[in-house]
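So that you can tell them apart, the chains are marked A, B, C and D in the order they are listed, and the count of residues begins at 1 in each.
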Amino acid sequence: MSDEMKIGAYICNGCGLGERLDSGQLETTATRDGKAQVCQQHDFLCSEAGVKMIQDDIDNEGVNRVVIAACSRRAKTDAFNFENVSIHRANLREGVIWVRPDTDEMTETTQEMADDYIRMACAEAKFSKIPEKSGEQGINKNILIVGGGVAGMNAALEASKAGYPCTIVEKSAALGGATAQLYKKIPTKAPYADPEDTGVDEMIAAVEADSNITVHLNSTTTNISGAPGRFAADISAESGSTETRDFGAIVQASGFTPYDANQLPEFAYGKNKDVVTQMELEALAKEANGGAIKRPSDGKEVSSVLFIQCAGQRSKKEGHLEHCSGYCCSASIKQAMYFKDQNPAIDTTVLYTDLRTPGAGGENFYRSGQQKGVIFTKGIASEVVDGANPTVKFKDLILDEDNDLEVDMVVLATGMVPNSGQPTRAELTDMDSEDAEAEKAGEEVEIRVDVESILNLDYRQGKDVPHMANGFADSHFICFPYETQRTGIYTAGPTRRPMDSYQAREDAVGAAMRAISEAENAGLGRAAHPRVGDLSFPTFRKEGCTQCKRCTVECPFGAINEDEEGYPIYNESRCRRCGTCMGACPVRVISFENYSVDTVGQQLKNVDIPDEFDEKPRILVLACENDAYPALDMAAQNRLEYSAFARIIPVRCLGSTSLSWITDSLNSGFDGIVLMGCPSGDNYQCHFVKGSLMAQERMSKVGDTLETLNLEKERVQTFEISITDIHRVPQIINEMAETIEQIGMSPFKF
Amino acid sequence: MSDTNTSMVEKYRNNFLKEVEANVEEGEWVKMCMQCGVCSGSCPLGPHWDHPPQELFMMIRAGKRDEVLESTSMWMCTSCYNCIVRCPRELPITHIMHGLAHYATRLGIEPKNQPTRKFAQLFWDNLARNGRVNELKLGISLYFMNGIVEGIKTALGMAGIGMGMVKTKRMNPMEILGGHTVKDKKGFQAMIKKAQELEAARVDN
Amino acid sequence: MSDIVATNQTILVVGGGISGMTAALEAAEVGKQVILIEKRPFIGGRVSQLYKYFPKLCFPTCGLEINQRRMNANRNITVLTMSEVTNLQGEAGNYTATVKISPRYVNANCTACGACADAVEAEFDNEFNYNMDKHKGAYLPYNMAQPQRYVIDPRMIGTDDAQKARDACKFDAVDLDMQEETVELKAGAVVWATGWRPYDANKIQPYGYDRIDNVITSVEFERMMDPFGPTGGKLVRPSDGKEAKNVAFIQCAGSRDRNYLKHCSRICCMASLKQSTYVSEKYGDEADVSIYYIDIRAIDRFDDFHQRVKDDPNVKFIKSKVANIVENKENGNPTLNGVDTEGYNRYANEHDLVVLAIGMEPSVDKDTFPIEIKVNDEGFIEQDEANGGVFAAGCSSDALDVNRAVQSATASALRAIQVVNRVAQAEG
Amino acid sequence: MATKEYSFYPGCSSQEGASSSNYLKSVNTMCEVLDIKLNTIPDWNCCSASIGYCGGGELPRLALSARNIALSEQHNAGQDIVATCAACWLATKETQERLEMDGDLMAETNQALSEAGLTLKNENKIRHMVEVLIEDLGYDELGKHVTKPLEGIKIAGYVGCQTNRPFGIEGESFENPKYLDKFIETMGAEPVEKYDKKVSCCGGALAFSEPEKSQALIKDIIEAAYDGGADMIVTPCPVCQMNVEVYQDKINAKYGTKFSIPVTYYSTLMSVAYGKSGKEAGLDGQIIPAKKLEDIAGK
């Protein structure tokens, strides 16, 4: 791309812009203040003719910075979509005429708004470069899969079918994981009436037969460094040998550990041999292999069995699991059928509080269980009394009475504990531990926790993927269930969410898809979700860097490592391009080619600040482009008005807000500043997980700045905005305008 | 306690559900109930049930044999079929109620003084005799089912209605002398007898 | 439309809801050519009609904004709205789809300035709000509708209003002569993501949805919370606009019932738990919510949310399938009759408003699939070799919540990619 | 239309001098007008209604209806069996279904039948008179014969239980069937809108054994009719007709109400609308006279 910058400004007169605004004036502003070398008007800029006019200038006039003075950057993107140039939108429609009344006395302020947006767009253009891929990594189609259970195996098989070579690293001596320990599995096909073969042997055979799949048994990943497109994993065998392999992306299918039933003494587990867990019953069923199931204590053929659902689950009790493992109801029905199918005379009772068999298959399977004579009792077990035969004491919730039942065997439906590795440093700081204290103090601490790491990531922020509630590997959970906080690493199966064998298989297919996608895109230097395709990436001016580590600590994605001197290493393909590091940097050395302290800083500096006595305050609004900015657009769509004194600048994430923007704007005479980010906290809505949270923390310190300038603290306010706050956003701006009216104009106008 | 009853207790020990499945009309449906309670809520005589259908089903599963069979509940059934059409599991609840009542009767442990039980028995005897119901005889025997004194009271109480019916020719006093029957009484009764034998046979083995 | 390029390396995605969008994006973002067919005038599907998601209580349009931006930025995706697949033939690696495209009467010139809507008088039932209100004859389906382009309601064609709409447009975007067209598209693989529809509440006769004003469905309740919805975001009851503070939720309305839908629709329990928070959101401590249920199916991590709602003193849980609803003719209150089966307690409870947690049924009727495909009794597509290169995504495969639908869609994208990659290899 | 023939099962209560003999009367009149020929099943027996269960077990009860069906097959070969009494229809139809689904039951039943020298093929349709009117003739046909439209009469269509559940009339809902209202309209009268006791139970056979309980139900049924502004109630079921009509005095005595609302059969209604005399319409069978109908019939 030629370094010689040429700005072309194109002013649209459609959608009422022509009627409401003095386009001649706008043109002057663009060329005089905005330094646009080329400037043209059009009555219908997004039309074929309008677009062609621009394309011609790009082709013939060498325009490479295109300023579109028309509608919002969210509108007409299909039309204003030019290659090899940077595009900058001055939002005159949603940003100006749609939010201002069409009256004569308002024309002046409305025009001022429009002029400013043109200056701002030109300023942004002036300070942006056209991003190009760095070539830090090429395409590496190899997928690393950690865990050789059905999820891991299926991820490998499906990725391989699409032409991507896979390497499975399995800790144990054999493939198959938990499913291999099952006698049968919950049915997966209509009519969902009987247990099905697990099919695990066929799967293992398929994996072994697939030349595209390499399997490492008795092995773990002892170190994973690098980034998507160039991961380097040390695969170490028990024997001691270690080999290092390169991968494009990673699927983590490390499964679960059955809940330790020894924590349930009330159910006589460990005391009475005939009280077993579901997993242990699977072993007995396998042994019986269709014959009569014999109980552990005396090998007597079981003639009556009771299943206690939610054993140690759905409970806040110390040592219990708070979550529901989801699959246990169906698993108990399946296991009751082990008995019924062999001998219908065997009494099988399932003691439950809510029978959870959702979906089409689930309800059919429940009915099938009843059909086969499994008895379902809504009740809560309080105790299992030890004895020749265990006796279950329970409250029957339907008959509303205490009851007990002596049976040959009791099965505890205990839940799943995810194998999700070690907590991250960030998680540690939320915990009360020595490490936490040290971590807060910013010391170098080796994380000492009794959990073994699974991935052993060589990441500044920790060795494993961050966790969500109940220790499951993090994900956005609803819209983007596979997105973890570690780019290029996707979790599948029970490590992500409790699920049965079949769901885990299916889950793995999606994870494989994401891994493939990331391997491909990283190779092309493209960002992953949510800024898919963005080629820009952060760089820093080493001479300016003070090695303060704020960026490495605050990056929501653990993208940044440190070299031995403590300088940041960015690992571009781990980066999601949110700019939180840029906002974190106290010395402003971090920038993206098309998004930097200047691209925004120069915009606000180019806002025309009227003299104090003109009584025309200026309000700077920094709005998250993902939620707040769309909300502002939609307010405009509905013609909700807000103050003509507001100047809105979209930011990638409020987390990218540099304190310098605040101080600069205050110094240059802005009267108020409104920051709009996404809701934070457990139910955070920030697409960059904690960008908005970081911003809030930083802004809490702005108070000092204001004091030194002795300005009122009301002049800077931060708000959590959802995309649906369409009525609220104009209100917030107007309230700031009123506040300024009360406390008066800023004295800093020169 | 009748012999059948003792032998049944013997035969099924504590497994009342199996007993019901084997011996009660539509009894094999009991296990399909998911305790939603829509039947209990749908019954027009609901408030008068000690144990509504869904609870009876749970009690059967819980082996509460005597409580169920001696209960007056199923005798509250008016055969309105609300429960059947609303049951999400399509249990023929009305028939199961009838079946339980009948089974209790056969075992001789039904609530002896339950009025509907008496009426139902009278009704059956009445039709079984002649093949057709003789409303007058049925009515009269009904009034006197609780003994002479009660009977006269009831009869007097109902007299008004009786007269109305007679006036409108919807009740014929002469029927007391015989009234409607089927012609082939012999064949009819033989048929009933056979049916009863066959059914008894089912239970006994 | 003849300019649509489709080969047997193209992936055809049928349905533009969250599942279809996800599948399309996943495939397109690894460089595959995708054609997305959507029946409605906009993409986004059912989630665009939801107020909040469980369990985070965040807003569906938030994720939708990202997905729509991804779609707009991606040149590998062609979106055909107001289109339906009427026929599909062939086998994996070589399908031909017949697609019927209904006229929108608005072309690409549209700038969404809204002049046409201002010009017309005519109003029509608003499908987006389940016909609880009306939209203009020229309309944008909802604030974030993509493509951001107005629609002329076909019912307005031939009227003066239609002319007014055309005359009002400065950009010749309104084209009243637009005709329905049918195109044939090649495809190597098909992702079937036609989603679900709410079960017809009229069929649940004991609950009198067709007879009692203040008995509504959960999807309608969802629309009431939208500030731009039929009630302007007010939680009021249809009969008299009275604030609905005492609200009953009836679970399994149409689900788990041999008279209606045999299956469990999975989402309804969580939906009602979520909607119970709406009542608190509006009326705080005056909220008085009753949830009538058979089993609360808040599986896996959702159970945390269930516990949280359970801890709310203003929410009661009654284990009971409500027997029937009758209207109190004096005050319009629906009275629920039934038995709480936990210890046999008979009730006749009056509420301001009753919300039927309506079941989820597949949008496409069992026997009307345009191609031979394995469908179960419930009408959901089973995973089966016999389906060849057609892969179900989201709620066409089972009753799923959003995150499971997205998971399923992501998987289906990979399966489709496997097919077109095989084709590519074969063709060298 | 050509004459329609059916094998007719009148049932005990329709017999001469029995509680719904007036029903039979009006049915015969109605059928005459509509050119429907009813061939009574010779020597039919009681169906045991739904109250025979105490003495009679499953099989004996099935045998009862089986005998009627067998006799019909023998004497009215090929004809649909039509009943006017809800209980008769229900018991017979149920029997037919159960025997159709359960081969063993069928075998046992035939064993029992053979004692009466009968065998059952179980191939005929079992129908309610109302079905015949709606499905075989249709509302238009029913309307054609109206000579004296029942103008100015508001009528509560009380469907009751067993004509409606579990089988009901094709296309009608269990909770809110509309056919009676349509009959009423077709006859030129006005149906009560939203009559929400339409399908409530009157206590059926329990009217005898549990009078207090059933009369409480009947009270609600009548009250709702009055609330709807009804001049009279019309029903397709003899048990409903009897229960709702004859206990009004007792209910008045107990609850201090002033009920006196006539309860007639749809067939009575139609016979009058078809211009027949009160006697032919069975109006003389009313314990609470249906004045408005009598007036029209008298004109």
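Note that in this section a contact is a pair of C-beta atoms (placed from the backbone, for glycine too) under 8 Å apart; a residue touches a chain by one contact, two chains touch by 3 or more.
As the structure is a computational prediction, the values presented were derived from the model and not from experiment.
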Chains in simultaneous contact with chain B and chain D: C
Per-chain CA centroid nearest to the all-protein CA mean: C
Comparison of B-C and A-C by number of C-beta pairs in contact, larger one: A-C
Centroid distance [mean C-alpha coordinates] between chain C and chain B, Å: 50
Distance between chain centroids, defined by C-alpha means - chain A, chain C (Å): 24
Length of the line joining the C-alpha centres of chain C and chain D, rounded to whole Å: 46
Where chain A and chain D are represented by their mean Cα positions, the distance between them in whole Å: 67
Interface hub residues of chain D, defined as touching at least two other chains: 174
Numbers and ranges of chain B residues touching at least 2 other chains: 34-35, 55, 82, 85-86, 89
Residues of chain C touching at least two other chains: 206, 256, 319, 324, 341, 344
Touch relationships between chains, expressed as pairs: A-B, A-C, B-C, B-D, C-D
Of all residues in chain C, those that touch chain A in their complex: 18, 25-26, 29-31, 51, 53, 56-67, 69-70, 72-74, 109, 111-114, 143-144, 148, 170-171, 227-228, 256, 262-264, 266, 295-304, 307, 319, 341-344, 376-378, 380, 382-384, 398-400, 402-403, 406-411, 413-415, 417-418, 421, 425
Residue numbers on chain A that touch chain C, as the complex places them: 14-16, 44, 46-47, 71, 74-78, 158-159, 161-163, 188-191, 314, 316, 322-326, 354-364, 378, 397-400, 468-470, 472, 476-482, 497-499, 506-507, 509-510, 512-514, 516-517, 520-521, 529-530, 532-533, 626-627, 630, 634, 637-638, 678-679, 683, 685, 687, 722-724, 726-727
Complex contacts: residues of chain B adjacent to chain D: 25, 44-45, 48, 76, 78-82, 84-86, 94, 98-99, 101-102, 105-106, 110, 115-121, 123-125, 127-128, 131-133, 135, 139, 142, 157, 160-161, 164-165, 167-172, 174-175, 179-180, 182-184, 187-188, 190-196, 198-199
Of all residues in chain D, those that touch chain C in their complex: 173-176, 194, 196, 227
Chain A partner contacts - residues on chain B that touch it in the complex: 15, 17, 31-32, 34-35, 55, 58-59, 61-62, 89
